[in-house]
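The structures come next, written out as structure tokens.
Here chain A shows up in two complexes: once beside chain B, once beside chain C.
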Partner chain A sequence: MKEKLLYLNPVTLLFLGAAPALAASADVRAALGMSAAVLCVLLCSALVLGLARKWIPAEAKLPAALLVVAGFASMAQLLLQAFLPGAFAMLGFYAAVLGVDLMIFGSAENAMEQDLGKGLLSALLSGLCFAIFVLVLAALRELFGAASFAGNAVEALKDYKIPLLTQASGGLIVFSILLAVVNRLFPAQGSVGALARAAAGLEPEDKEA
Partner chain B sequence: MKEMILLVLGFVLVNNYALTAYLGLTPLLGFSGRGEKILVLGLSVTGVTLLTAVLLWLLRAVIPAYWQILAAVVLVLALVYLLQRLLGKSLGIWFPAIALNSAVLGLALNVLEAETLATVILSALGVGLGFLLGLFLLSGVQERIEEHHLPKAFRGFPIQILAAAIVALALTAFNFQ
Partner chain C sequence: MKEQSVLRTVLCLVLLLALMAVGVLGVNALTAPVIAENERLAAEAAAEAEKALLGDSELLYDRADPAASTLTVTADTVQSVYRDSTKEVYLLRLSTSEGYSKLPIELTLTIDFEGKVVSMEVNENPDDKDLGEEFPQSFVGQDSTLSDVALVAGVTFSSSAIRNAVNDGFNTLIDNGLFAAAEKDDSQLLNELIPAVYPGIVNKPGVVQGEELSGSGSISTGYKAANGSGFVWFVSGEENLLAVSTTLGGVKLYNTAGEDVTASVDAGLIDEIRALSEANADDLSSKQIKALGKMLEDGAELNAVEVPGLCSSVTGAYVAETSEGTRYAFAARPYGYSNEVMDFYYVLDEEGAIAAFRVSELILHSEYFSSYELDDASYKEGFLGLTAESYNGEQALISGATMSSDAADTATRECLRPLRF
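And now, the complex of A and B:
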């Protein structure tokens, strides 16, 4: 059943979405806000591109996907600012940079190649996969780095803080260990769109250029 | 003059966008080219970052705040197409690596509040050169990784991110505070 549902390989997916995942993972509240934003942008862009896919010529796919994703990212940023100002203050302009996020772009590209239902289901699963991963990452970083959970201090861990975890490099270390766990649990299957892979430099070198 | 050099160096070493702010991290880690290709990609990213940031800064009075992201994305896309025309050949796999690089968009949005054009130009240069430095450092690390045997779970992406973490840790040495 799992093979049929998961169109995307979670390890590749999370690698492509590394920037927003890491940026939002210093605090559990920020992680929740970011997960909600990512899920909305994923679903909305999959819906629009899935409906419009018949009218988009092959050479216009990249600009079309980029514009739709960027448009929804702008909306997500404004909604976040209006309804979750706390999370928005922590995320800063990372919410805006979702407009060129490779994970969302890959999913949008997928939506243009499948029929609507499959595209939406795939977007939903990608979003949930991202949300679970980011929440675990944020919980670990906040608990052991800052000895707090969603802003509430955890007394028991107060004397055992690892300040490195709140910094950029500490975040990368926790991210890579968690990604190794995911890699072990879900061995490679499925793939993301060719353009998103190319954007991440994952295509073989001599194919073009 | 001194402040100008410090501003560029700050973005290259201390606040390297990819390694300390995660912007453009994925293209940086995924890129597997060597030598000359690194230079071409790094300099293209620098050029596009510079032009996008300057144009968006100049147009900031005309564009309403809620259109900024979309305007920046359109600008980047147009510049990459223009670059393709100028070079007279398809950028191939580099086209999305520049157009979908969050360092380019991130900087353009970040310097909108800057006061002088010089600040914008120097920040953009710093971010582009920082990306180039990151590409050089990580391609060296990548070569070393390939020689060694790794646990199965870490093969592929996880070890690349761990390597980036260690390079990022090295860069924190430049942060004297």
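And now, the complex of A and C:
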């Protein structure tokens, strides 16, 4: 599990989920909302597709994953709007991006390749990877960009804040720095293909087969 | 078998679709009342906040219902005006679309009965550049001159739009006799003349693009235009004046009322201004002659001419005799994207129609633009044959690149203007 979270994080290794990560990381509250939504959509999609995988023909797997992810993304949007309206307002139209996020879509497809337990575990780990990364990113951006944390002002940083960090370009800068630090501290070993399979939760390719 | 497979695929997808649809409908049924309640509470909170702000204020003007208003308002930026007799302030709601993104910037301005700003709040700013906290604060305590309000570097379009909107707010109250206008000092009056008398030194929002210079003698300070088109100088004396000196040979002087007083000033002062300008000028002629020469037949000699009175982005005017007749060549340097200078070159025939057109780089920083549409060759070809009468601005338009379009339009108009030599 540690290996998955640190070395094979789909966000830092494959840049999956980068769009919602950047969109939701200007404020810690928005990041919490987005993380919760991503985790719910990942788990629910993995559950439904894992249960139905034996009945889904091969040619229907892609549209099936699309349907299920889009459906749960819509439900997540409605639930956010109802029970976390503050976070929903901060996310704006990025809440709808969940339906086309490659990390979620990839995890949903993989759930149809493995048994239910493994699929759910993989989805849970992907969701946790995303949550850890986006919360750290949001904390950095909000602290040093707006001198606040979850909307609460941090007086000590008030005179040193860099407003650029709360904007899109600043978000990309912090994202890149964080990626570099994570990949330096926890360098992944192996070929890109093998790493991609591992990050996606798939078994290593059997080259002798 | 194939039909069975297709049928199974379709059936599977339909079932999944039905399942998801039931799920979404179920969640919608659960959340719809909660969302409606949230919206009702948010609307109530906004109304309470509005009530707390306005108190027992009297509505003097509402754009939505001008017939019921007691004020005459001509500025489009003013949306509503209230008078709060308890706090002794006027509250104005302003909206301007002259910022960088051209989307509405919403402001709330409070001015006391003596004509001083109590507060200026930016309620909505769709532009993604940060105005900072100091800019809105800089309005507090200002009178109608807004003399201490400086634009934000790098955010000139939006900060200029906000300043102009606040100015509209003041003018509305002054024009309706609610308080008197504060007196502007000569320095401010002369600075405000610059966009009108010398458009070539300012960008679209009217902000001077240039380097500040020190003068000598009675000439205190000045600005050198970033595009090399000329200078403005501030002359101190019995009467403070604004001098405009362009590279095309003209010197004009204006008083604080905006009147042209060139004919009544001492010739020595004009010589002094001319000398100071020449000492600080950049020589653009060799670059211009080289570029314009390529647009004429081989061997055609370009002779520089002076065009006194032309205070625009035109930095060079030439005449050349060719086998096809007399040709008039101009170089113009308007401000484009990010206020950077763009180089345009025109050759006009004897009838004043564009015979050749050239531009150094039409889309600056093109790597930042993904949505502009431009067929370079046909765009440039479209300018040929246009005259001052037939040019209506359409040819200069580049979809998705407004500032470049504006610069092309400015350069074309200024080079097509009827000129007297």
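One rule holds for everything that comes next: the second predicted complex is superposed on the first by the 170 of 209 C-alpha atoms of A that agree within 3 Å, B and C clash if a C-alpha of one lies under 4 Å from a C-alpha of the other, contacts with A are read in each partner's own complex, and residues count from 1 in each chain.
By our rule, a residue touches a chain if its C-beta (ideal position, glycine included) is under 8 Å from a C-beta of that chain, and two chains touch if they have at least 3 such contacts.
None of the values given here were measured: they were computed from a predicted structure.
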item	value
Contacts of A:L79 with chain B and chain C, given as first, second, both or neither	second
Chain B versus chain C as contact partner of A:S107, first or second or both or neither	neither
First (chain B), second (chain C), both or neither touched by A:A70	both
Partner chain in contact with A:A168 - chain B first, chain C second, else both or neither	both
Chain B versus chain C as contact partner of A:A52, first or second or both or neither	second
Touching partner for A:L22 - first (chain B), second (chain C), both, neither	first
Contacts of A:L62 with chain B and chain C, given as first, second, both or neither	first
Touched partner set for A:S126, first chain B, second chain C, both or neither	neither
Common ground on chain A, meaning residues reached by chain C in one complex and by chain B in the other	63, 67, 70-71, 74, 78, 167-168
Parts of chain A lying in touch with chain B, wherever the complex brings them together	11-12, 15-16, 18-19, 22-23, 62-63, 66-67, 70-71, 73-74, 77-78, 93, 96-97, 99-102, 105, 167-173, 175-177, 179-181, 183-184, 195-196, 198-203, 205, 207-209
Interfacial residue positions of chain C with respect to chain A in the complex	5, 8-9, 12-13, 16-17, 19-21, 23-24, 27-28, 30-31, 34-35, 38, 42, 128, 130, 132
Residues on chain B engaged by chain A in the complex (per definition of touch)	19-27, 29-33, 37, 66-70, 72-74, 76-77, 89-97, 99-102, 104-106, 109-110, 151-159, 161-162, 164-166, 168-169, 172
Complex interface listing, chain A residues touching chain C	48, 52, 55-57, 59-60, 63-64, 67-68, 70-72, 74-75, 78-79, 81-83, 85, 163-164, 167-168
